[in-house]
Each structure stands twice: as C-alpha cells, then as structure tokens.
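Encoded as structure tokens, the structure appears first; notes follow it.
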Amino acid sequence: MPYVNIKVTDEQVTKEQKAALIKGATQLLVDVLNKNPATTFVVIDEVNTDNWGVGGEVVTELRKKQA
Amino acid sequence: MPYVNIKVTDEQVTKEQKAALIKGATQLLVDVLNKNPATTFVVIDEVNTDNWGVGGEVVTELRKKQA
Amino acid sequence: MPYVNIKVTDEQVTKEQKAALIKGATQLLVDVLNKNPATTFVVIDEVNTDNWGVGGEVVTELRKKQA
Amino acid sequence: MPYVNIKVTDEQVTKEQKAALIKGATQLLVDVLNKNPATTFVVIDEVNTDNWGVGGEVVTELRKKQA
Amino acid sequence: MPYVNIKVTDEQVTKEQKAALIKGATQLLVDVLNKNPATTFVVIDEVNTDNWGVGGEVVTELRKKQA
Amino acid sequence: MPYVNIKVTDEQVTKEQKAALIKGATQLLVDVLNKNPATTFVVIDEVNTDNWGVGGEVVTELRKKQA
C-alpha cells in the first residue's frame, strides 16, 4: 500500500504526462517491492515557480536567467 | 500539538464538509490522545483528479468508468 | 481514496491508540464525504519531542516547564 | 540537501515575501548545519483559510472573529 | 527540480531496493518531464505497520490475516 | 499559524542545532509575514542517508565518494 507524492513546478504538465508519472511510479513499486498496484496511490503536486526555491533563489527568477 | 493533513480529490467539497473534517479530526485527537485542541492543526488539501492515481490509473479516468 | 497523515509527538502512543486513530480518521471520511474506507489510507508519524517546536521552543523544553 | 516545506494561509503573500522566505530558510540551513545552498529546496504551500483549522475551528471563521 | 516522497511499510526493504527506487523515480522524471536528475530529490519513508491503516484497520493486523 | 517541515539527512544533528532550526524558522515567519510565533509549528525529519537520493544516487554512496 505505498503512497508516492511527486512535487514538480507547474510548467505546463499535460494530462498525458501526469498519467505517465502515475503509471510509472506505480510500476516502479510493483517491480522493486512487489507491491499491489490496486492499493498504490500517487499524488502529483504542481507548485508555482514563485513558491519553489533552489539555492536561495526563486525558480521564477532562475528560469529568466536560463532563458 | 498534533498536525493532521487530509488529502482528498477536489470533487465539490463544501465549506460545511471542510468544517466537519476539521472539527472531527481535532476531536479525534482529543478523545484518543487527550491532546489540547488549541494547538491542533488540520490542513485539507484538495487534489485535482488528474493528479491522483490509484492502481496506476488516473482518478479522472476511473470516475468515467464508474459513471 | 483519501490519504490522512497524523503527526504527533512520540510520547508513548500505544498500539490501541494508534488503532483508534486509524479507525476514527477513516470513519470521519466515510461520515463527512461518503468515501470508500477500503481505499482510505491513514499514516501516523511519531515525532521526537526534540524535533518539534512550538512558539520557537523545542517541545522537550516545553514539557519540562509544564512538569 | 535539505528540503524545507512552509505552509501558510493564502492571505496575500507577495512575491517579495516568498523570496524572503526562500532566502531566509536556505540561509538558516547554511548557518546551523553548514548545508550546501545549491542543493537546498524550499517549497511554499499557500492554503485556503477554508482548508485550515486550529482548535477545531476553520481559520476563515477565526479571522471574522478577530476582525 | 522535482521532489519525490515514497512511503512504504517498513517490511525489510533492502539497501539495494532503496537504491532501485531512487534510481527509478529519478529516471521517471527525466523520461516523462525531461527534468535534470542532478536536482531531483527522492526521499523514502519506512512506516511501521502499526502506524499505517487501510480500510480502518492497522496493517499489522491485516498482515496477520493474510498469513 | 504556519507549519514548517525541515527534512535533513540524519548525520549527527545535535539538540542545540535542532533548537536553532526551530527558533530560526519561527523567527523567519514572524519577520517576513508577521505571524504569531505561539501558533507556529516546526517539525524536523531526520532521514537516513540510505533513504535519500540526489541525481539518482543514494546519499550514502555520495558521501563515500566525497570522503
């Protein structure tokens, strides 16, 4: 009965990508730990780039520098 | 000083239902562990059905099959 | 398919109390939101009092003052 | 490689305040534990006041009483 | 810069299995969202079976019934 | 009523360092958002280096390479 929480920045993640994350994370638990997929939960949190920081800097600003 | 986090799918949970979850979860900690309600926090996260998976499938799709 | 996480300090919570928290939290989701208990998860985290702070103070120290 | 999650109510937190929280939390880990800021993550969750409870009451209602 | 949290019951998960979960979850984010693995974190929480409930029952008890 | 969760690897964090993290995180919320410290919680999770991965590698292995 694993629970997987995936946090990513909310940069246009599509429904298909979310479905792929859910399918892939569930399969990972089946493959590695032989868990029952029926009781495996995956929850994806999309976080605004204003609300995520790395190295003390807001990701929104980091993205501007990378552009 | 307990902290309770309740994650549910965002399927039209009303203000009254949220208030009932908060009241009920707080009372549970009082009843079972004799905790002080004044320092008991409850946080409810409503998760889009596109972002929640069970059994490797997206809940949005599961709901269509159930309908 | 709710997920409930309960964080409490690790002050001798018994197996019976944990079972009561799990049962009560699951029932709360059934009562308020008509959720299916079979796909309701409850996870209890017991946190050392050295690792929990309120009002800027470590709970271990707060407990000494209360004693 | 610390991970810091800050949950606050969504009461008009500005971009500047978010940047200050990210900078301050990262610096705290550097100062106290000598962590590398480059691999320190900070994620801020803004929670609707309807979804946060203290003392068994919804924060939205507590705010009305305080007003 | 994704963050992945995997919660499983603490039933003799080996170091090799943990390494496989970390490698697999990181690769999933690379494959699906083209994320940079260098800034992808994976944290595994092993939860005592006394502290995990499904369907209102403690997993410790569920395991006895399955045995 | 903020809630702050700090996850770090369990590499001999002292009581004094934990107290400093709790004090500093609480003060940060007071300084930036004018929050009431009395209802600010800080919870520190110490994660085994076998259970934390960065860049697809287990931190235990990364530490050996750094040594």
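We just call them A, B, C, D, E and F in the order they show up, numbering each chain from 1.
As a convention for this text, contacts are C-beta pairs under 8 Å (C-beta built on N, C-alpha and C of every residue); 3 or more make two chains touch, one makes a residue touch a chain.
Not measured: the values here are computed from a predicted model.
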Chains contacting each of chain A and chain D, listed by label: B, E
Between the pairs A-C and B-C, the one where more C-beta pairs touch: B-C
Equivalent of C-F within the choices A-E, A-C or A-D, defined by over half of its residue contact pairs recurring: A-D
CA centroid of chain D to CA centroid of chain E, Å: 26
Between chain B and chain E, centroid-to-centroid distance (C-alpha), Å: 21
Residues within chain C bordering two or more other chains: 1, 3, 7, 25, 39, 41, 43, 52, 54
Interchain pairs in contact, sorted by label: A-B, A-C, A-D, A-E, B-C, B-D, B-F, C-E, C-F, D-E, D-F, E-F
Residues of chain C defined as touching chain E within the complex: 15, 18-19, 22-23, 25-27, 37-46
Touching residues on chain B, where the partner in the complex is chain C: 1-9, 13, 17, 20-21, 24-25, 28-29, 31-33, 35, 39, 52, 54, 59
Footprint of chain F on chain C - complex, ascending: 7, 47, 50-58, 60-61
Touching residues (chain side chain B, partner chain F) in the complex: 1, 3, 39, 41, 43
